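Everything below concerns the one structure shown next.
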Amino acid sequence: MSDIIRTEGLGKYFGEMAAVHEVTVGLKEGLFTSIIGPNGAGKTTLINLLSGYLLPDRGRIFFRGTEITRMRPDKRVKIGISRSFQVMNIFPRLTVFENILLPVLSRLNKNSRPLASVRSQKEAVAEAEKTLQEVWLQEERDSPAGTLSHGDQRLLELGIAVASNPQLCFLDEPSSGMNPIERVKVLELVKKLSAERKTTFAIVEHDMDVVFSLSDWIVVMNRGEILAEGKPDEIRDNKEVRDIYLGEEI
Amino acid sequence: METLAFQGLVGLSVAMYLWLLAAGLTIVFGVLGVLNFAHGSLFMLGAYFAFTFYGLWGVNFWLAIALSLVSVAAVGYLLERFFLRHIYNQDHAYQLLLTFGFILIFDDLVKMVWGGVAKIPPMPDFFEGTLRIFGRPYPFYNLFIIGAGLLVAVVLWLIFEKTWWGKMVRASASDREMASAIGVNIPTIFTGVFVFGAMLAALGGALGTPVRVVAPGIGSAMIIQAFIITVIGGLGNLKGAFVGAVIVGVVSAYGILLFPVFELFLIFLIMAVVLMVKPQGLFGS
Amino acid sequence: MKKTLAIGSLVVFLAILPHFAGQYILYMTIHIMILSLFSLGFNLLFGYTGLLSFGQAGFYAAGAYGCGKILLAFPSLLAGIIGGVAVAGVASFLLGILCIRHTRIYFSMLTLSFGMMIFSLAWKWRDMTGGDDGLVGIPRAPLEIPGLLRLNMTPMENYYYVVLVFSLLAIYLFHRLVHSPMGLTLQGIRDSETRTSCVGISVRNYRLISFTIAGMYAGLAGALLPPLESTVTPPIAHWSHSAEPVLATLLGGIYTFAGPIVGAVLFYILKDIIVRFTEYWLICLGVIVVVLVLGFRGGVMSIFSGKGGQG
Amino acid sequence: MSEKKKISRRTFLKAAAVTGIGSLAWGAGRVGEAQEKKEKTPAKAKPAKKVLGVDVIKIGGQGVTSGAHADYGWQILAGSTMAIEEINAKGGILGSKLELKFMDEELKPAVAVKNARYLATEWGAHYLFGVDSSGSAMAVGPVLPEIDRVCMFCHASTHRLTEELVAGKGIKQIFRIAAPVYQESILSSLIFKDFPNIKRWAGIHCDYEYGYSTWALFKETLKKYRPDVEFVSIAWAPFWTMDFSSHIAAVMAANPDAIHATPWAGEGVMLLRQALMLGVFDKIQAWFQCMGGSVDLLEGISREVEAGKFKNNLWATARYIHNYPDTPENRKFVESFRKRWNRLPNYSAETSYSAIYVFKAAVEKVRSLKTADLIKALEGMDLMTPGGKRFFRPEDHQAIYNVPVGRVIKDPNYPIPILGDLKVFPAKDYYRNPPFAPIKMDK
C-alpha cells in the first residue's frame, strides 16, 4: 500500500516554539487515519502544512510522489487535497446549498463563468444536491449558513470539504463541540463517506474511544514530533503513548 | 546647505501640528479600532474654541487653550457616548461613514456659529520676534510649536508606559476579552481614550490659531494627511505617527523647495509605497 | 413575477419620460443613472467581494478624461464612451495588481492613495488635462456607426436615450454577473478568504477580476459625463467624489442587488432638494448619514425586504 | 423697511437657512410692494408690465457659500440682494418685480453647471450671474447656449473665459463685469517697472490656473519693460494650504527684492501673517498681494497694518475697492451697503450689485427678456456703476473699467485698512486686446 502523502523532515517554527519539528511521516492510501496527541502537539499545524494553508520552514512534502512543498492551497485542492477547519470556517452569508455548490463549481472549473446563471450549471447543481443529502442538510438547503445550529455548521464544514471530491481529505476536529451521540454519528458518516467516495481521510480527534474504534491507522504527535504510528492495537500497547496520555484510559 | 537645513526646520514646525492631529487619530484607532474621519473636525473645533476664548473674549492665551481642550473633550465625550459606541462591532465602512457624516455636520455648525469669514486672532506678544538660525530669521512661535510637539510626545510615552491607566489602555488595545476578564472596564476606557484623542486634536488646532487660519473645513482638509501619516507609521502606533508626521511635514517642505510641481503627488506616493512594501507601516508589528 | 412587473413598468416610465419631463428632470435623471452605474461597480467590490475602495473616483475620472480626450480629437460618441471604459479598464487592471494584495483598511488606504494620485495627475499634467480648468468644450458628438446609423445628440433627450440604453445594458450584465458562478465565487471570497482558497479558488485572481470590472463600471459612468457637461475637471477624481458611491450604496443597502441604484436615486434627489432650500445642506446630509448608519444599517432596501440577501 | 435694514448678516443667514434664499428675495419683493403703495407707482408702469409679459423677473445667482471661501459667495449674495431690494422698492424693471434664487457652487465645476441648469431650465431664471471659481466659470460658459441664458460673471477671473470662450469660440452668452487677471498681473507689472531697485522677483502663487496665468502674464509683461529683472523663485500653494511657512522659506532662500502673491481669502491673510513672522518684511522692498484689496483680507490683517508691521511695503489691488472712485454713485453704494449689512463691500459685492443694474439697463433698453436681445443690448453698453464707468467690449464681452493699485494703509475714516497712495492706470492700457495670442505658461 503506497503513501498518498509523505513528508521529509518537515518543520514549522513560531519564534522559539517548534510547532512541527523534523516530521517525516507518510499516510497510507485508503486507510482511515487519525492524528492524535495532547493539546499543542502540532496536529493542526501539520494539517495546515499539508493542506498548504501554512508554508513549512524546513523539509519537503510529496503527494503521490510529486513534490508540493510550496504549492498554493487552491492548487492542492485541484490535485485532490482538501480540508476542513477546527474553528468554524464556512460562508455565513451564502445559503447552505451555495456553500456546497462553490467547491463543486471550482472542481468542475466552472466558477470563472461571468454570465451563465448558477442554476444552468446542471452537472454541478446535481452533484451539490447529492452531497447535501450525504451530509443530511437537504432541509436546510436555502437558509443562510450563518443561521445554522452548531452541529449543522459542523456538518456543512464537512460537506464543503468533501464537495470538492478529494482523494485526500483532512478533517480538523470535525466533531468538536458536539455531544457524544452526535460525535459518533458524524464520525460514522465520515467513515461511510470514505468508503463510498474512495477518499482517504485523515482526522484530528480527541475522543479516544471513537478514534480507536474507527481508525485503520493512528499517528501520535507530541511536542511537534511524531511519537509513534501504527494500527490501533499497536498504539494502544505503546508505552510512550500511554505515558503522555497518563491517566487517560486507552 | 544652510538653505536645506532651514527648510527642514520650517517643515519640522509644520510637522508638529500634523503630529498632534495624527497622535489622537492613531491612539483611537489602536484602542477602539475606529478610524475616526471626524478627527479633523475636532482639530477644527479646538481652533474655533481657542479663537473664541482668546481672540474674541480676550482670555489669557494659555487659559484659552486649556478651555478649548475642555470644550472639545466634552464634544468628544458626547460623540463617543451617544454615537460611536453603537458601532464598535460594525464593519469599519460604517464607522468611516458615521464619522464622515459628522465632518459634514461640524463644518456647517461652525459656519452657523462663527460665520464664513476666516478668523485669525492676534499673536501673543511674548511670542513676537525671531531667532537667527542658519543665518535667517526663525520665528519664536515655530520653536515653541516644535517644543510643544516634542513635549507631548514625551508625555504620551510616559502615560502609556508608566501609568496604570496607560497599562489598562494598552491591555484593552491588545486584547479586549483578556482585559475585561482581568477586570478592566472596557466602555470607560474607550470613552476615556476617545476623549483623550479629541483633546490632542484640539491642542493641535488651538496652538495653530495665532498663526494659521480658522475657517470651516480646515479639519476635513487635514484629515487625509493625518490618515497618510498614521498609515505610514503603522495604524495604532504612536512612535510611527510621530515619525510619519515628521516625514510628511519635512518631505513636503522640501518638495515645495526642490520640485514644487509634484508636491501633492509625493505624499500619496510615499503612502502607497509604504503600504505595498510594509502594509503594517514602518513601525507596525 | 411582481418584481418583473415593477421593473418592466419602471423601464417603460424611463422610456417615455422625455415626453412629459422638462430639460432639468432629464439632466438629473442622466446624472442619477451615471451615479447608479458608479455605485453598482463600487458595490461589486464592496458588497460582493468585501473590499471597500476609496479610489473609485480615480477610475471614474480615467473614463471621463479618456472619453473627453477622444471626443475632442475625433467626434464619435461610441468611440468616446468605449474608449473611456477601456482607459479605465486598463488603469484599474494595472493598479488592481498592486491593490488586491491587501484587504480591509489597508486596501481602502491604498486605493485612496492611488485615487488621489490620479487626482493630482489630472490637476498637474496640464498639457494633457487642462489643469483645474479641465477639458473644456467637449462636443456632444453624434452617435455614429459608419454606413449604419447617425443620430444627432444635440437635443438632450437624444443623449438621454443613449445613457438609458447603456445603463440598462450595464445593469442587466451586472445582474447576470452577480448571479453567475463567478458572482458566487466573489461572494465566497467576501465571506471567507481562507475557506475560498481551500476549496480550490485563486482568491487574488478573482479579486483582480472584480477590481477591474468595478473600475470599468466607474469608467463607464465617467465616460457618460463629458458629452453631457461638455467639461471634465479634476474634482471628479477627488476622494470626496469616491465617497458618493459609498454613501449611495450604504443608503440603499450593501447586500441587495438594487441597493446601490435605489441609493443613487435617493442621494441625488435628497441633495438636489436640500440645496434648493438652504445653504446649510451639508448639515442636513450629515444628519441623514448619521441616522442611516445608526438606524437602518441594512440600507433602505432592508426596510422593504427584511432579509439582507443578495437580491 | 427700517427693521429690514437692521437685519444683521447672521440673522439674515439664519433666515436663509430656514426659509431658503429664494424666499428672502420674495420678502424683498414684498418690501418693494409696500414701498410701491407709498409712493404710488408711475402710471406707465402698469402697461409696461405687458412689455415683458411677466409679473416676476427671475434672477439666478451662485457663489461659494460653504467652506473656507464662504464669505465670497456671501458678498455676491449681499450685493445682488441689495440691488434687487432697491430696484423692487422703485417698482422693479418696467413694472416687473425681481426675484432672486442663490445657490452654492462649492468651487466645484460640476455643481456650478448643475446649478446653472436648475436655475435656467427648472426654476425659470431669465438672467444668471455670480460664480466664484475660474474652473466653474469655464464649465458653465459652454452650457449657456444650450440653456439659452446670459450669465454675468462677477468674480471668476481667468482670461480664458473671455479670450477663448467668447472671442475664440464665440459663446456670446458669456459676459464678465469683474476685472480679469490682467488686473493682478499686467497692471502690477506696469506699476513695478518703475521701481529700479527691485530686480529680483519671487512668486508665491495658487497652485491652479489662476496662479499660473497671473505669474506668467506678470513675468511676460514686466520682462518687456525691464529686461534686467530676474524671477528668482516660485512656490505653488494648492487649495487648503494650512501653513505657508514652507512656501515662504523656500522663496526667501533666493533673497528676492519683492514678492508677487495670489493666495486669496483666509489663505491670503495667513500667508501675510506668516510672512511677517518669518521676518520677510525686514528684507524685501515690496510685496504685491494681488487681491489684497478684498475686504475680508483687509479685515484679517487690520492689526498688523495699524502696527505698521508691513513697513508700508504691502501693495494690493482688487476688482473694485470701496474707496475708489470718489463718485456719488460709489459713496451712496458703500454707505447703503454698510447700513444694510454693517460691513464694507468687497469687490464681488460691487460686481454683483452692478450686475443687477446692468441687467436692468439692458432690459429697459430692448424692453425684452430674450437672450438674443439682451446680448445685443449688453454688447458695447457703457454704464455708470459704483466701480466707475464700465464698458462692455463687444469682441470679448469683458467689462472695461479702472481699478487702481495701492499701498495697504490705515485710514481713520474706515474701521479696516484701505488702499492708499493709489496708482490709477486707464484700463485699456493694461487689458489685453483682441485678437488674443495665447499666454505661454512655463511652470
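Things worth noting here:
Order of writing sets the labels: A, B, C and D. Residues in every chain begin at 1.
Throughout what follows, contacts are C-beta pairs under 8 Å (C-beta built on N, C-alpha and C of every residue); 3 or more make two chains touch, one makes a residue touch a chain.
As the structure is a computational prediction, the values presented were derived from the model and not from experiment.
When each chain is reduced to the average of its Cα atoms, D sits farthest from chain A. The central chain of the assembly on a C-alpha centroid basis is C.
Between the Cα centres of chain A and chain D there is a gap of 75 Å.
Chain B and chain D have centres, each the mean of its CA atoms, that are 36 Å apart.
Measuring from the averaged C-alpha position of chain A to that of chain B gives a distance of 50 Å. With centres taken as mean Cα positions, chain C sits 33 Å from chain B. For chain B, the set of residues touching two or more other chains reads 107-108, 111-112, 261, 264.
Each of the following residues of chain C touches two or more other chains: 123, 280, 282.
If touching chains are joined by edges, the resulting network of the protein chains shown has some other shape, matching none of path, cycle, star or complete graph. Of all possible chain pairings, those that touch are A-C, B-C, B-D, C-D. Listing the residues of chain C that touch chain A in their complex gives 173, 176-177, 179-185, 187-188, 190-192, 194-203, 255, 307, 309-310. Interface residues of chain B, counted against chain C in their complex, comprise 35, 83, 86-87, 90, 92-94, 96-98, 100-105, 107-109, 111-112, 224, 227-228, 231, 235, 261-262, 264-265, 268-269, 271-272, 275-276, 279. By the touch rule above, chain D contacts chain B in their complex via residues 9-10, 13-14, 17, 65-71, 73-74, 207, 234-236, 238, 240, 242-243, 245-247, 249-250, 252-253, 265-267, 269-270, 273-274, 277-279, 282, 296, 299-300, 303, 443. Across the complex, chain C meets chain B through its residues 46, 52, 98, 101-102, 104-106, 108-110, 112-114, 116-117, 120-121, 123-124, 239, 243, 246-247, 250, 280, 282-283, 285-290, 293-294, 297.
Contacts from chain A toward chain C in the complex involve residues 51, 53, 72-75, 77-78, 82-83, 85, 89-94, 98, 101-103, 105-107, 110-118, 121, 124, 144, 160, 163-164.
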